[in-house]
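Both complexes shown next keep chain A, but they swap its partner, so chain B is in the first and chain C is in the second.
This part shows the complex of A and B:
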């Protein structure tokens, strides 16, 4: 069955296609541009598309978290690091991606093709029934009951990461 | 074409393509920050796979969302740590090119 173009399902399908295109263009910009600041911008565009895909997968909470954490925090942090550690642009311009670019394209293309082939040809078993609807309430309940230990451990990991990154970035400063 | 959003294979192929872009960038980039950006692409391809299986195949559809949230937390921690390492390396070597970092002396 194919919905008509101007029905709600058809418009949702068009938006989905646009999101796929945005994700792919973002990934291409993130990997193929020469300057790093442009590739961070491409990464942000790609993550906006991925957040839209999460929305289509029935989880608006994870979509919003993707926007907040990846676009809002990770990309901005990488942009700060690029400003602090300015790479040598003349060196980047001089370097031509010849052999390594071709090798990288072959490796990435073959990995991607193998994964897609395995995914399409696999036999996936649909579940008999879903025990809940996967809403935000259910996520919160299982985060605080079934996965509470993992939740605490991940907060310790984040704390150690914050302290470690401050210690690492500080130790070099004292020497100069 | 317009019912692609309700098929599992669409999401799996998007995840595989993002993973392939990540591997491509990881090999091609000459600088540390570029490789970090490629690693973020790999992680987001993995997250898309988790979310797709969660939506279509999991009996309990909260598991994949929670795993994706944990992947986000791990990715944020990894970005913070590796960027501070990059800045420390830049202070010592005045470069973030992989080919310049060939000494192991502190």
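This part shows the complex of A and C:
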């Protein structure tokens, strides 16, 4: 129950804690800073932490995809959007005096209470013995058989996004 | 415990290998540049200028780190580190020999691309953090180039994955025979277009490592060095070292995927020697290209990727799939 620090379980626990801390720090940077580009960096750190958690939970493929897609593509896209939108950083978010702090505390408190209540009192399924080996082959097979509908719907979303961006860019640069 | 000691030893060896390569590839590049342009290159410090990298390193390290007044200090300091970390991490997965690999991942190929894609973000925030318009624009330029060439590179790599049915780098090498016609470049029985895939992959690696003819990100001379303009001392040193680390990784990846990795074509010398020979030959070709061809324009570079390489890579993918299905 109480493994020593240098046993494999203890070390695994330490690594788990480090990953949690990295994720939390990233999330806190992302939400608390007032410079948008720092928020994106925080978000990237958060994603790295989450990827680490996936790796820790023995799904390396998902971890790598998290890095490749979220850090390598999504964060870069957000950073581009920020640069194009030129946010005015001197204008900080206006606070509603008095009210906002209390409201935030109530919302945050109730959400965390609800989550904690659900976690403590809920009926947990028995920790599943590994469903499958989590290998690439299994993921690919299930994506193309069981979940092929979801897969196709996602590609339609991407197609719509591409067509939308083309429609926006269609007038070209000469217009203005 | 043995495993732990083995990993520690590998880490030390990787650090030594990296240090030597990052220092002396700079020397090789300058010597090569010199001879291609009918100069001598570095020759004053030590015999044949061999001590030049040490002198350069000392100079860079003894310089003061100046943070520009406009810069976002935290991001400015973090960016060079962030650009170096993924490149160094990747050396964990490169199989230098059949048994000479620090840790064998069964998804090694994806890992390569995943970590390499992190560098784009580092370049971008480095350009932003400098607080300089030119760096910012150069950062976006470099990243749009990186994204554009990542796509055909991935599409071409999928060809290899389909042929060998594995993402394990060591397994991909194992499936290529030792003779030249068994290497993936010339495996015409799997897909007729393999040599062309090799060419596409090679072009993309040149672009991904930001080297002339595609070095719009940097342009040392005329575009005030791009995203690392504001960096001096070891900050600049880290950017340079990351570039050479990426060069080594790019050459290793081509060697692994197309040139048979540690397979030795004539049966003398053990595997790792052949791996290094092929890798260094590719690096030499990179240097050769860099100092032979002029730089392209930026629109030419993006057009090449989006209008030619990506459609071609997709058609190539379909043809390879068809070939595998039919034969």
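Just a few scattered comments:
Quick note on the criterion: the second predicted complex is superposed on the first by the 144 of 176 C-alpha atoms of A that agree within 3 Å, B and C clash if a C-alpha of one lies under 4 Å from a C-alpha of the other, contacts with A are read in each partner's own complex, and residues count from 1 in each chain.
Heads up, the rule we're going with is that a residue touches a chain if its C-beta (ideal position, glycine included) is under 8 Å from a C-beta of that chain, and two chains touch if they have at least 3 such contacts.
The structure displayed is predicted, hence computed values, not measured ones.
Of the two partner chains, chain B is the only one that A:27 touches; chain C does not reach it. Look at A:44: by the touch rule set out above, it reaches chain C but stays clear of chain B.
When the two structures are aligned on the shared chain, A:71 is found in touch with chain C, with no touch to chain B.
Comparing chain B with chain C, the partner in contact with more residues of chain A is B. When the two complexes are overlaid on their common chain A, residue A:120 makes contact with chain B while staying clear of chain C. Once chain A of one complex is fitted onto chain A of the other, the partner contacts of A:57 are limited to chain B, with no touch recorded for chain C. Residue contacts after overlaying the shared chain place A:13 against chain B, while chain C stays out of touching range.
Common to the chain B and chain C interfaces on chain A are residues 40, 61, 65, 73, 80. Within the complex formed with chain B, the chain A residues making contact are 1-3, 5, 9-10, 12-14, 16-17, 20, 23-24, 27-28, 30-31, 36, 39-40, 43, 46-47, 50, 53-54, 56-59, 61-62, 65-66, 69-70, 73-74, 77-78, 80-82, 84-85, 87-88, 91-92, 95, 97, 100-101, 103-105, 107-109, 111-113, 115-116, 119-120, 124-134, 138-139, 142-143, 147, 150, 154, 157-158, 160-162, 164-166, 168-169, 171-173, 175-176.
Looking at the complex, you find that chain A touches chain C at residues 35, 37-38, 40-41, 44, 60-61, 64-65, 67-68, 71-73, 75-76, 79-80, 83, 135-136.
The touching residues of chain C, counted against chain A in their complex, run 72, 74-75, 78, 105-107, 110-111, 113-115, 117-118, 120-121, 124-125, 128-129, 136, 140, 143, 147, 150, 167. Taken in their complex, chain B has these residues touching chain A: 1-5, 8-31, 33-34, 36-38, 40-41, 44, 47-48, 51-52, 54-63, 65-66, 68-70, 72-81, 83-92, 95-97.
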